[in-house]
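Two complexes come next, and they have one chain in common, chain A, joined by chain B in the first and chain C in the second.
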Partner chain A sequence: MLSLFNPTVAWITTRATLGRKRALLFAIPAVVLIVVTVALRASRPPSRPWPSHVLGTFGFSVLLPLTALIIGCSVLGAEIDDGSIIHLLATPVRRSSVIMTKFAVATVLTMIFAAVPELIAALISGGGDTAPVIKITPGSPPVVIPGTAVNSTDFAIGLFVGALVGAVIYNAIFVMVSAATTRAIAVGLLYVLVWEALLSNFVSGARLLSVSHYCLGIANGIAHDVSLGAGLTVLTSVVMGAVVTVAALALAVNLLSSFTLKGEPA
Partner chain B sequence: MSETPAGVIHDLGYRRYDGPRLGRAQIVRALTWHSFRSSFGIGRGVKAKIVPVLACVAMCLPAFVNAFGVARGSPRLFGYDVYVPQLRVVVLTIFVAAQAPELVSRDLRSHVLPLYFSRPMRRGDYPLAKYVALTAACLLLIEVPLLILYVGTIASAKNGHGVWAETRALIPGLGVGLMWAVLMAAVGLVLASLTGRRAYATGIVAISCFLTWTVSELLIQAEGGITSASAGARIGGLFSPFNILDGVRIWLGGTSPGEDANPGHFGPLYGVVAVLLLAACLGGLAARYRKLSMS
Partner chain C sequence: MTIELKGVSRWYGNVVAVNDVTMSIGPGVTGLLGPNGAGKSTLMHMIAGFLPPSRGELTVRGGHSWRNPDIYRTVGLVPERDSVYAFLTGEQFVTATARLHQLSDPAAAATAAIARLDMADVAHRKITTYSKGMRQRIKVAAALVHDPEILVLDEPFNGMDPRQRLHMMDLLDKLGSEGRTIVFSSHILEEVERLSGTIQVMVAGRLAASGDFRAIRRLMTSRPHVFTVRSSDDRLLAGTLIGRPAVTAVELSRTGLQIRTSDYGAFCRDIAVLARDHGIRLREVQPTDESLESVFAYLVAD
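So, the complex of A and B:
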């Protein structure tokens, strides 16, 4: 296990990723999430299902993938881009170890920049209630069943756990993408915009292959909130998530093993 | 060579050229045409054509579906002024994010700007040519599906009255498309010209367009959706260029349900913000190339 994690590579990667001006970009989506949550919290009682929409839909299909995209593509992609990866690959560090180390660093950074803000925003939002149901039976006055309060701690923890899992899966995918193509950010964006944000919310069959729905499934397993709109059960989410992560990492190791440095892409 | 204007390097030390010099206007025209072609990947390799072609196909598909639907007797499926709002936003985001860096970042990256500016060409001409080209490209991407929608619908029209009604509905739709192209090309170019690395330029454009759009949608949704009349829902659209455009459309009299709640008396605010945003983007673009170091 130790051979899969190289502390020196981890240290260099962390420093290279956080040491540039670009690192400020990582924080923007998180700041947006918290500002929106605070604004909505201040303007209305938490009785509508907005916390689930903000934190579930926005958090899991926009904030988390975009943060993971920037971080996951820059841990390996930046080095491939400027050609300095050749120095790393020339050292007797195993390629699998390079991938695993960079993946671990990216995951931890994503957790800090996306999962922790998600937890903070969830705690600020205070959970909220499920939507009230209005039952109309012909011949009698409509009955309003008030929404049940979602346990606010469960809600926050559920979203946090979902975001942690999401950080792992997304980063495995984006590290794989940046090993596969020099246009990693463009390909990753296309995937996030078209697949995660558009298709998986309209085509129900796409859910089974959508990372944001794995996260929602896991979050819902703890939070038990109907308005999260989770389409998958916890078991399916965990199994599919694990399959996707392992497959992506295996593919990434395979791609980097046969890596050849190409010319300048841009 | 005696008529060569001073301060212009024509003799680069290579082969002599004694033909006519076409001057500034022709340079700008050529640069615009070249940029317009390359924004669809024409004259480039197959790889450069993937995104533009996919974007055009995705935009035109609903219009063709409509032609079949109308032929079987159903009414027109999509409005000319809103035309599948979410699809249009996503496709336009991807197109601008992919092609705006193609136009400006490559030149920054390969340091060819000194070559451009050593021609009889002013500093403002370069961004102007790029902007006109990208606007025209976006316009084509937005309006062609509308025209297909129009032709597909009137092909099944029963009488002249039906054709006239469709034409009257089409014209504001084309106007909305023009508004979209003018604003989004400016937003895309100014963001893309920030960096010479195409990957990061794409990221910056796409993330800022997409993030602001989702935030706007989220605020409108949380404030009661597009039918709501609360102040929050009415100003919720001000956070994203796409929603500002939709707000302006409703303010100017559009009635089809789109992305925004009816801005009501905040309508003029949408108009002002749209104009300010456009001015800021174009000003930023001009300033970017005025202060550009020649290295």
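So, the complex of A and C:
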């Protein structure tokens, strides 16, 4: 395990990633999430299911992957773009350790810039309590079904854990995409907006291959909140998440091993 | 031989960048010369393990370089692109490289490599503040930090001023005489005038000529040339020039003179002296067809 983490690579990667102007972007999705949460909290009662939708569905399928995209592409893609990766690759350091180290750095940064804000927003929202439902049947008096009161601490912890897991899986994917193509940001953006944000939420079969639904499944395992709309069980989510992560990282190592320098400029 | 190429070709789609190259590179300095687009970089990338040959066999110390990071224990690479971790200081960059090579004393190795490149004074500065020549040298220091047996430099003289260039040539000569295998590429023949060793000339993807630096240099200075000259008295100048042994033909036209010479250097000296002695004012002395391609084509044809 130790050989998979190279402290020198981690040091260079962290300095390069946080040193770029792009680093300012890391915080933008988090700021948006917290501002939206504060605004909704001020204007609506917390018993409405909006915290689950904003923090769960929107948080896991848009904000978390966007942060992971920017960071995951920064740790490897930016170095491939500007060519400085060659100084790292012209050494006997294992390619697996380059990938795993960069993945680890990206995951930790994503946890800081996305999972922690998710926790803060969940605590602000006071979410978890689903609204009571008034059931009206013709010919009989209305029946009030009380909302399933979810402990708001459980809700916050569930979302936090979901986001932590999401940081791991999303970064494995984006590090792999960075190793595969120089247009990693564009490819990643397309994947987030079309697959995670759109299809996985409207096509139920797509859930099995959707990272945001793995996150929701795991979050729901702790929060037990129906309005999170989790379509997968905790077990399925954990197994599928692990499979995707391992496959993406293995592919990334293989791609980086075949890293080629481009021919002469024409 | 430390680096062996047997029938190596590399193509991109329909474009052949390197065409059936066979060569052996041993200890000492070897220059890979040729005009831009001749396939030098492609060949350098294949030697350095960052491109697989499409066909043929390429070995570095008996092993393949493609997908084999272990070769970097004995190979140092100075890439062409001027991209370093510019946010680090020179010293941090070289020390980090030493750590990546898992040297037992990275700091000492870095200090030695930096001193070797004459960079001790500026090693504490961030690389962002370096000139192009300084960046080139810090890259060489990083490539030398693990004391490699083989050093591969892609266009190392790019962006260097004449003094830095001489310093670099002396260093390469010294490294070569220590028994290391030094391979560098360059597209400017004049740049490498001071080096001794062998050169391999590439033109249009093929290995066109190989030989000793001195022989190539002689060819360079005595190659035939065509000059266009305009002066205050073209007819008088034509008459005096034709008497010089270096001049083989003079053509007088309304726009000026076309002069063929068999000796570039001698002609340049002659025309200046003749013009002064005869009180002729030179308005233009322009070598025509001075493209690198034509120079290399001449060398290859010989």
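Miscellaneous remarks
The definition used in the following text is that the second predicted complex is superposed on the first by the 257 of 266 C-alpha atoms of A that agree within 3 Å, B and C clash if a C-alpha of one lies under 4 Å from a C-alpha of the other, contacts with A are read in each partner's own complex, and residues count from 1 in each chain.
Basically, a residue touches a chain if its C-beta (ideal position, glycine included) is under 8 Å from a C-beta of that chain, and two chains touch if they have at least 3 such contacts.
This structure is a prediction, so every number in the text was calculated from the model and none was measured.
Residue contacts after overlaying the shared chain place A:S43 against chain B, while chain C stays out of touching range.
Looking at the shared chain after the overlay, A:P29 reaches chain B, while chain C stays out of its contact range. Residue contacts after overlaying the shared chain place A:I185 against chain B, while chain C stays out of touching range.
Residue overlap on chain A between the chain B contacts of one complex and the chain C contacts of the other covers 266.
Of all residues in chain B, those touching chain A in their complex are 86, 90, 93-94, 97-98, 105-106, 109, 196-200, 202-203, 206-207, 210-211, 214-215, 218-219, 221-222, 232.
Contacts from chain C toward chain A in the complex involve residues 12, 17, 36-37, 39-42, 45, 48, 50-52, 67, 69-70, 72-73, 75-77, 79, 81, 83-85, 87-88, 93, 96-97, 99-102, 139, 142-143. Of all the residues in chain A, the ones that touch chain C in their complex are 6-9, 11-12, 15-16, 19, 82-84, 86-95, 257-261, 263-264, 266. Against chain B, in their complex, chain A makes its touches with residues 22, 28-29, 32, 36, 40, 43-44, 48, 50, 53-54, 57-58, 62, 66, 69-70, 73, 77, 81, 183-186, 189-190, 193-194, 197-198, 265-266.
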